[in-house]
Amino acid sequence: MAYRAGVVGASGYTGAELLRLLAGHPDVEVVHVTAAANAGAAVERLYPSLAAAYPGRTYEEYAPGDLAGLDVVFLALPHGESQRLVPDLVDRVGHVVDLGADFRLPAPAYERWYGSPHQATDLLDAFAFGLPELFRDEVNRSNHVAAPGCYPTAATLALAPLLAAGLVEPTGIVVNAMSGVSGRGRGLSTPSLFSEADGTVTPYGLLNHRHTAEIELALDHVWAGDHAVQVLFTPHLVPMTRGILATCYARPAVDGLDTATLLARYREHYAAEPFVIVLDDPPTTKATFASNAAHVTVRFDPRTGTVLALGAIDNLVKGASGQAVQGANLVLGLPETAGLSSVGVQP
Amino acid sequence: MAYRAGVVGASGYTGAELLRLLAGHPDVEVVHVTAAANAGAAVERLYPSLAAAYPGRTYEEYAPGDLAGLDVVFLALPHGESQRLVPDLVDRVGHVVDLGADFRLPAPAYERWYGSPHQATDLLDAFAFGLPELFRDEVNRSNHVAAPGCYPTAATLALAPLLAAGLVEPTGIVVNAMSGVSGRGRGLSTPSLFSEADGTVTPYGLLNHRHTAEIELALDHVWAGDHAVQVLFTPHLVPMTRGILATCYARPAVDGLDTATLLARYREHYAAEPFVIVLDDPPTTKATFASNAAHVTVRFDPRTGTVLALGAIDNLVKGASGQAVQGANLVLGLPETAGLSSVGVQP
Amino acid sequence: MAYRAGVVGASGYTGAELLRLLAGHPDVEVVHVTAAANAGAAVERLYPSLAAAYPGRTYEEYAPGDLAGLDVVFLALPHGESQRLVPDLVDRVGHVVDLGADFRLPAPAYERWYGSPHQATDLLDAFAFGLPELFRDEVNRSNHVAAPGCYPTAATLALAPLLAAGLVEPTGIVVNAMSGVSGRGRGLSTPSLFSEADGTVTPYGLLNHRHTAEIELALDHVWAGDHAVQVLFTPHLVPMTRGILATCYARPAVDGLDTATLLARYREHYAAEPFVIVLDDPPTTKATFASNAAHVTVRFDPRTGTVLALGAIDNLVKGASGQAVQGANLVLGLPETAGLSSVGVQP
Amino acid sequence: MAYRAGVVGASGYTGAELLRLLAGHPDVEVVHVTAAANAGAAVERLYPSLAAAYPGRTYEEYAPGDLAGLDVVFLALPHGESQRLVPDLVDRVGHVVDLGADFRLPAPAYERWYGSPHQATDLLDAFAFGLPELFRDEVNRSNHVAAPGCYPTAATLALAPLLAAGLVEPTGIVVNAMSGVSGRGRGLSTPSLFSEADGTVTPYGLLNHRHTAEIELALDHVWAGDHAVQVLFTPHLVPMTRGILATCYARPAVDGLDTATLLARYREHYAAEPFVIVLDDPPTTKATFASNAAHVTVRFDPRTGTVLALGAIDNLVKGASGQAVQGANLVLGLPETAGLSSVGVQP
């Protein structure tokens, strides 16, 4: 018998991607979908791709009572909305999986990076940081999951083996990343227009993008040393719909590094992970398209004394909805890979 | 127990797409993959997207003996090669599914449109035209399948209900179509370069594109009247990787047409088809991305007295590899939808 | 000494393109630019491409008095706004060149296609339909210019030689066209989002797109016969920023047509036109990118008895701002090609 | 009277861009164009964009005698070919402007990065490194010009003010760059295919891309200190035709840096440069499209103690053909900006 799921904010891109993934999930059935401005609309009018899976289904207005008793509720909402909804929701449903930023950071870090106090601090501990490859124990112990952001997922999976083994310095790390435009969501804004984003690369969020906090949090979690990890993160918008590539630079903390040894260590580190694939070649985002896979590789440059680590994901899957399903599988006690694929759509 | 399959020409785009689809097929296992220039290469070097599904697998040189005893062999080869290989292959394997043009047309039509005599005319009758929605009986009766081209699939599914019901004239039909660049394959040619195809629309094959013959053949099959169907087909290359849209124009053969009635008739015509979805809105290629779905709609314009029919597919799935799997399912006696999805990846 | 120009609505795409073109115009100087929501913003913040040409320039609020005495004022406004502004503006400035739809059609046609009565019918005669290749005499005789739409420009230049010579029937014409997304302007709307338009083809405006009226009007102008021209027009959005391709189908009105003769007739028809280039090959939009050129070709299909005519332009130049400058040159008595190029940016 | 120019290798992308730019140059006339495989073809068949400027012109086979007496010859050839041609050409023509890599580096650096000895070492001193913003004196003193690569141009212009003023350490510099696909040229190769490059980011040349040598050479030229500049350069292919963005990281060499001061210093440093524009906002490649402009900005991050410098150009103009024209203008004694624009095509 399938677990019964709700998707709140199902008309946005991560919401629609949840509907796509859950349509193929063997043990979860979507029984309720909500939207704000699109309430009343048919799912298939916004996403004809889903017509076959959700025939006649319409978006409902959000009402917590409608979700009562569901086994799992996914929240795919703009920043700041989950913390308003969760207090009233958390006791009515089995598990909450939040795809937004609201339950990822401790309260002080949240306030520093988001500029306002968190509205539900007492519930922060009920959510695990939902990057299973680094926080699997925490997710297994938790009722609720805060799926991490797309950039943090790509950057952290690329860098984690280095910090876990103490091979690089925790400071002076540079994460230079590129994202497809769907990372900006389905909301209307000038930079999201085709004619603005096509044929150009747009750096943004220089020095202070909020995902910096998540990258540092996740890497601190694997880093055993005294100093807090410090990262300079620079995102760029590139003219593609999906995909994140993180190109990361770090300084060695030990002598005698070489690329072959690092690659071997990465393969060992990720040997048991179903969704992390270590490549000899530089990863490309297309190879992960529509899949929950993360592709990573690593290099040591003896000339400049720098470690280079690269990671690629589909921002809407491993960077959002796929990772959310992966977290849901864990808290529901299902196989972690249920409903998820590590095979990309290429070309 | 799974049926054992081989893919010949598995390093091209339709071959790789077969590998992707068959990796998720519950009843078919790919046990042999061949390539020409790429023989010896690892599948995951060309398609890291497939690394998780085919770890360590390399492309073999083609040798018919290696395929002996397989239940089904897919041929994903350039035009003209299948007719050379099939005579030596056809008695060694259970079923052949050819994705090329070699076994789609009767010998005279082949010679007229391809400019040279067919080399294996005695085997033409052993292959059914593998468009199940129009030729399901023929496919079920055949050992082998010739999967139709991408343009004919989109155009035929858009127009078939009109001709089947005698609602439009069989002549004067215009098919104006657009294709993503993957339709040109992975071979090297100047028009396939990113910098040539990006940011532009390129009409080609004016008046005499070979797919004209397949469109006419398939529509003649559903058309009951005396006159042979005649189509003017104009393909265009558009700057996207996947997708075919066919915008078709036809002249009414009866009085009193209107859009609502036509849409109702389309829904009735395709009611039992798992992969054809009739939309009220104009279909878009993205909604079918990576799926085996065909989306169609229809309009009647009382002002100019014209019927407008539109069809969208993913050229690599319903237009090639997905349709090939659909045909293979039929000849193997499997459920027609096994391993195939009608849910697209959007956005 | 340069003519003094104003651009009203200069923060949209056609406005910005006017600024780009006029920055290189030898005889026109832009002395005033206005915007609505963007009033007060620096031109170079919205269009850093223009930083070198308009350093420190900011958008002003629209006030007719600010434009008084200018030699020419370009209106690059959303549909319906020009007819509100022009009555108060027309006596204050030398010439008005409107890039919108408000002054292109006779009052009855306007009301039929736009669904509401025109608000300044008495001024309609003061504007010439600004497609110089077909209406040069009218433009030369007029004070003001209504530059035609992008689709009508491409379709009309592709078809005009056929109708002017009476070679095709005036009815049963099909115009199947594709446009880059900039044709939708810089305004916010879901279909204009990158993630909606990328990787897909979107048909829209089926049966009743308003540009139908302009295509019929312009072709009627060259057609000498009794029957009014009738066109079925189907536009599609394709994933590129700029460019229009019109693929047009018509039925012969005479016997004995062939492609070579038609091409020769096209070359003769356009021999004196600086911006129309007749190609043997099918035209592509990229070849016209950022230029005021229109590329056309023609074919006769003896098999189906159809004439095929194709035309490509840059929708923001020959389809909007370049054509507006061309019209301004005429009414100002300047060389028609001043400030305009027929060389495209390729690749 | 115009100077007479030849373009050798005029069927490639940089060659075609030279033809586009020189078609609008007031003082240079292209009198001879050559191509290898495309000899005999009409320019307008390969580039219909150039039909209006070069009607009836065909590519000639290369023969040095045909170029004798020309004022300037541009070489737009694959790596390694210029050093074979130049010895026989250099005394027959006024000036050679080479767009390839052959005459950019001193012989030892050339051999180290290109893996084979230079074939015309005695001529290396006759060529100046053609980045006028850093080497204007050298270009003015030279007969011949070696126009630098696209990546070095973007990275060097972004970083030069920092090193010229001794504000950053010369080692530990990271250049993370992205290029449009036209940077790979018009030659056939799998990574240049649309279906390979569309919808994905591809890192390549990890650790050892040859442009590293040029970046270090150019920055050493402005750096006054003892240590040689050392750069780790990581290029990425992004799905657009034109454009280079370089995102550069450096460590401060002095205390008390802040963003406002750095921006002011950049503006002062480039105050007299017609083609370098210092922006407050992050630069985007689209704003430089089809222009010879370079857009740069700079930031200081007090949190991590890092200087961030960004530069954007059109790789085919300021990164190749425009820069070549700029260098030609200098050696011909023309105004440096003749035939060049700093206004981009946006959107």
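In order of appearance the chains are A, B, C and D, and numbering begins at 1 in each one.
Here is the rule we use: contacts are C-beta pairs under 8 Å (C-beta built on N, C-alpha and C of every residue); 3 or more make two chains touch, one makes a residue touch a chain.
These numbers were taken from a predicted model, which means no experiment stands behind them.
Common neighbours of chain A and chain D, listed by label, are B, C.
More C-beta pairs touch across one of A-C and C-D than the other; that pair is C-D.
Computed centre separation for the pair chain A/chain C is 45 angstrom, with centres defined by C-alpha atoms. Measuring from the averaged C-alpha position of chain B to that of chain C gives a distance of 38 Å. Here the CA centre of chain C is 36 Å from the CA centre of chain D. Touching two or more other chains at once are residues 13, 180, 182, 186, 195-196, 198-199, 239-242, 283-284, 286-287, 289, 347 of chain A. Within the complex formed with chain A, the residues of chain C that make contact are 13, 180-182, 184, 186, 188-190, 192-199, 239-241. Of all residues in chain A, those touching chain B in their complex are 13, 16, 20, 23-24, 44-45, 47-53, 182, 186, 198-199, 241-242, 277, 279, 281, 283-284, 286-291, 293, 295, 341-347. Touching chain C in their complex are the following residues of chain B: 171-172, 174, 176, 178, 180, 195-196, 198-204, 206-207, 230-232, 234, 236, 238-243, 245, 247, 249, 282-287, 289, 299, 301, 303-304, 306, 308, 310, 312, 347.
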